[in-house]
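Presented sequentially are two complexes of subunit A, the first with subunit B as partner and the second with subunit C.
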Partner chain A sequence: MKVTTIRDNSNARNTKNNIFLGVVIFFSLLTVLPIILIVGELVVKGIGQINLSFFTEIAPDTLQAMVAKANGETIPGGIANGITGSLLIVALAAVIAIPFGIITGVYLYETPGKRYSNLIRDIADVLQGVPSIVLGLIVYLWVVKHITHSYSALAGSVSLAIMMLPLIIRSTEETLKMIPGTLKEAAVALGVPYHKIILRVLIPSSFSGLLTGILISISRILGETAPLMLTTLGNPRINWDITHPTSAVPLLIWQFYNDPNMVELIWSSSLFLMGFVLTLNIISKRISAKHSIN
Partner chain B sequence: MNENITEVKNPVLSIQDLSIAYDKGGKYAVKNVSVDVKRDAITAIMGPSGCGKSTLLRAINRMHELYPNIVTEGKIMLNDEDVYGMSTIKLRRKIGMVFQRPNPFPTMSIADNVIAGYKLNGIRLKKSEKEEIVETSLRDVALWDEVRESLFKKGTFLSGGQQQRLCIARALAFKPDVILLDEPTSALDPVATARVEDLLVELKKNYTIVLVTHNMSQAARISDNAMFMYLGELVEYDKTKTMFTNPKDPRTEGYLTGKFG
Partner chain C sequence: MNSDKITKYFLFAGSLLILVVAGGMVFSLVGGAIPAFHKFGWHFIVSSDWNPTEGRENYGALPFIAGTLITSVLALLISIPMAFSTSLFVAEYFRKTPVASVLSSLVDLLAGIPSIVYGLWGFYTLRPFIMHLGLSPQGFGVFTSGIILAIMIIPYATSLSNEIITMVPNELKEAAYSLGATRLEVIFNVIVPNARSGIVASYILAFGRALGETMAVTMLIGNDNKIPHSLFDTGNTMASVIANQFGEADGLKLSSLIAIGLLLFIITALVNTAGKFIIKRLS
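Moving on, here comes the complex of A and B:
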């Protein structure tokens, strides 16, 4: 009788497995490496500038910076005008975009397959692809030229709100789609009128999803520079008047970049902006993980 | 064809020559159904999938009107009041509904789920009224002892069977005349099913119950009267006992003996 032996090749297979695993880990490390390097570089170069006055004082002028540099001191002042400006512009943009975005999202969810809602969905998708500088130009024509008659925070907010809209619309629609239809039925069977079903059942049940969408869209626009250059211009002082030119952190970064005496401030401002955006992202991840339905 | 209909004195619901199509000129999902529903009893609607039993049930509280092109002919009288002449808000307070899958509101606590009908309709209740409605409704569905410690926790943490009883409590909170149940136990395990069935038998002392079920043995166990529907028609309507022991129509007999369905 012939005895067949089964060749034990488990060692060879294990080696192959390990090699493949090694390659996968290597390439995934390669993808996250730039992020680690960017954050590392910003921290190393920027952390020295960050102190209390960085948050409370306005940006220095070029003379102050030059003197400080000549004396070997850290550049005085901070980016308070940029931080307050960014907060003002982004808050106003959110106030404009959130109601429109959510209402449109609810409409798309409520009328699936209708020609008009498909059209709106497509337009929202196209809007997402419009280059931000083009939006800046358009808003410059609409708001700066005809409404505020000067560069203004309002104009910046409008351009950023238009950028937020498609993100909020789609995230609202997608979030509502995840709610089981049985929930709506339950409310209908209790005789609840249509508008109250939307306001008091659908939107509360999808609250965390809506909030996540809003936070993500805010973090997306926080770093926008191009449309703000054409709409809010910048302001060396802290400004809370929405009809006046206003500064913003990304605008300040651009300004520092263009001034050889203030290049050092780029790093601290970028570190701040990056930290802010990352924090928003982490918060929105936490929220969506904590409150997901089912 | 409706010569088998049992005489019902003083019916709660009287469905008169009801026909429903999902599209104008389309096929009728419910054809010329006339039925009187007995007060304080369980009436089961049986039939194979797609026979129109759910459509008929939903026509009673006008949930079928959610479909935009629906065509409804005929009449439904609730205690001699025309259902189609009433506001849906008023109607749905008088006719409660429970669905196949338990659907408590995930954002609300157990107590708020019970009084959801009041809350969502903006009806203000005094604290004492609230507590009373919550307690009696939960006692009615035998859930009170299980949840009295956790009234302010979210209803979604309950088991499937408990959630379904919570949904029944939500329907009871309005003290409705009729409770409609659309296959209420099909998503539940056998133990939870048995509890819900016991509960329905208990509830029929005070409420009229109309129950759609796929499950023939369930209909045999708990219903007093039964309808058998086939292809939109009401084939037979009789006392459950009579229908199961001595069906008059060959189609009913075929279904009950498992020849189709």
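Moving on, here comes the complex of A and C:
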């Protein structure tokens, strides 16, 4: 009689298993490391520069910064022109993108199977992947060259609005899909006119989802630098005229980075920018967690 | 016409904007690129000469196409082990534990950090470190850019893969365990084969992100208009050359930059469409 021996290799298999777990934990920690290093470095280097005048005064010029540095003082001034510029540009971008984004999202939700809807959906997907610098180029050709005839806040807003648009369209459609169909049916059964169904039923019941989508899209565009370099250029003063060159916080960071006298200001400005973006992110996560339909 | 019809037309009219924007983009890019393609023809894509001297102007995009592809592929290769481990950590090993949710929110933070801040960190922290290791004299170049890009695209690579890995049916995993499989064997024989296309799609989309990244790369790649010869060589990408050279550009140079923009647009659109196509086939 033949005896088959089954080799017991469970030890080797268990060892491999444990080694792999170790590798996974190692690489996961390696992923976390840069986050901690980046946030830590910004906080350590930037917090000292943040004071009241950081928010109320405009950016210093090279000479002021050089004199202050030579005397061993902290560099005067702040980033008020950048903050107001960012507010202006982002607010205008939101005003352009939000209504069109929501209208298009509602349209896609209302006409799901149509070939035209699929086309719009595909275009939104492609548009979402277009590099922001390419959007800057295009808006330069459209707005800077033909509408405002100079670098302008409006041009920056248009480029950022194009970035926001596909995000809002898709988040609107996805949010609407989660509303129970019975709500709409009830309204239809009561004979409510179509526009009132949209304004009084669909949008209010998906409000938190829409808000989350809007906040996320704003947090995506707040830190954008590349398209603004090609469209709004920057401005040493506070400017509220949308047809004039305007500064923005990321543009100021770029300017400080390129000027050896002002390089110390990059940390506080970056800390401010990142803090703002992350706060928006956290708020939007909170809203969506609170109101998620389960 | 009744009010319902008006509402319908109103919605339809609103949806036209994105169509007009997309059509206008293609129209403007192609229109702006025509002078460059007319002058240089196919040489524009295969020539590596970038010479703005007046009278002898010659523009070729090959160094930038090469720079973009090399940095993005490198970024993808670096980010895959990190992204894959993070996904397994969050969606399999420590699924639904507090430590997993901490890790996934930290990775989400990565997506919220602006590109220019990555550039600054790369310039002031990573670059000196690369110099310290003696890998390159100034610390600029393909390798430094690749590392930063890799960190930047991790959240894009993990968000979808996490979801897909979580969706692998428990019955399949339990069946494998009951046959005596170890966790490692379950991961590579059950989870990965089931989630493969979703994971691949998310890495393709992350790759698409890397292709178009501008600021961080511009600050780290060294801005040298030549094809990089080694990992530690300097170079330029399509996005970074637009950012760098745009300020002083007009005429043929502007047209060449727009042509590079058009090529970048086409490449990213193809990569993204491939990724989305795989995702669509999944659902």
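In the analysis below, the second predicted complex is superposed on the first by the 264 of 294 C-alpha atoms of A that agree within 3 Å, B and C clash if a C-alpha of one lies under 4 Å from a C-alpha of the other, contacts with A are read in each partner's own complex, and residues count from 1 in each chain.
Note that a residue touches a chain if its C-beta (ideal position, glycine included) is under 8 Å from a C-beta of that chain, and two chains touch if they have at least 3 such contacts.
Nothing here was measured: the structure is a model prediction, and the numbers come from that model.
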Partners on subunit A (subunit B, subunit C) - clash or fit: fit
Which superposed partner A:Val23 touches (first subunit B, second subunit C, both, neither): second
Partner chain in contact with A:Val192 - subunit B first, subunit C second, else both or neither: first
First, second, both or neither for A:Leu63, with subunit B first and subunit C second: neither
Broader residue contact with subunit A after superposition on the shared chain, subunit B or subunit C: C
Touching partner for A:Thr182 - first (subunit B), second (subunit C), both, neither: first
First (subunit B), second (subunit C), both or neither touched by A:Leu52: neither
Least C-alpha distance (whole Å) that remains between subunit C and subunit B when both complexes are overlaid: 11
Intersection of subunit A interface sets (partners subunit B, subunit C): 193
Residues on subunit B engaged by subunit A in the complex (per definition of touch): 61, 63, 66, 88-93, 96-97, 99-101, 103-107, 116-117, 119-122, 167, 170-171, 174
Contact footprint of subunit B on subunit A as seen in their complex: 180, 182-183, 185-193, 196-197, 200-201, 204-205, 207, 293
Residues of subunit C defined as touching subunit A within the complex: 3-4, 6-8, 10-12, 14-15, 17-19, 21-22, 24-25, 28-29, 32, 81-86, 88-89, 93, 103, 106-110, 112-121, 123-125, 151, 154, 182-185, 187, 205, 208-209, 211-215, 219, 239, 242-243, 246, 257-258, 261, 264-265, 268-269, 271-273, 276
Residue numbers on subunit A that touch subunit C, as the complex places them: 13-14, 16-17, 20-21, 23-28, 30-32, 34-35, 37-39, 41-42, 99-100, 103-104, 106-108, 110, 119-120, 122-135, 137-138, 140-142, 162, 165-166, 169, 193-195, 198, 219, 222-226, 229-230, 250, 253-254, 257, 266, 270, 273-274, 277-278, 281, 285
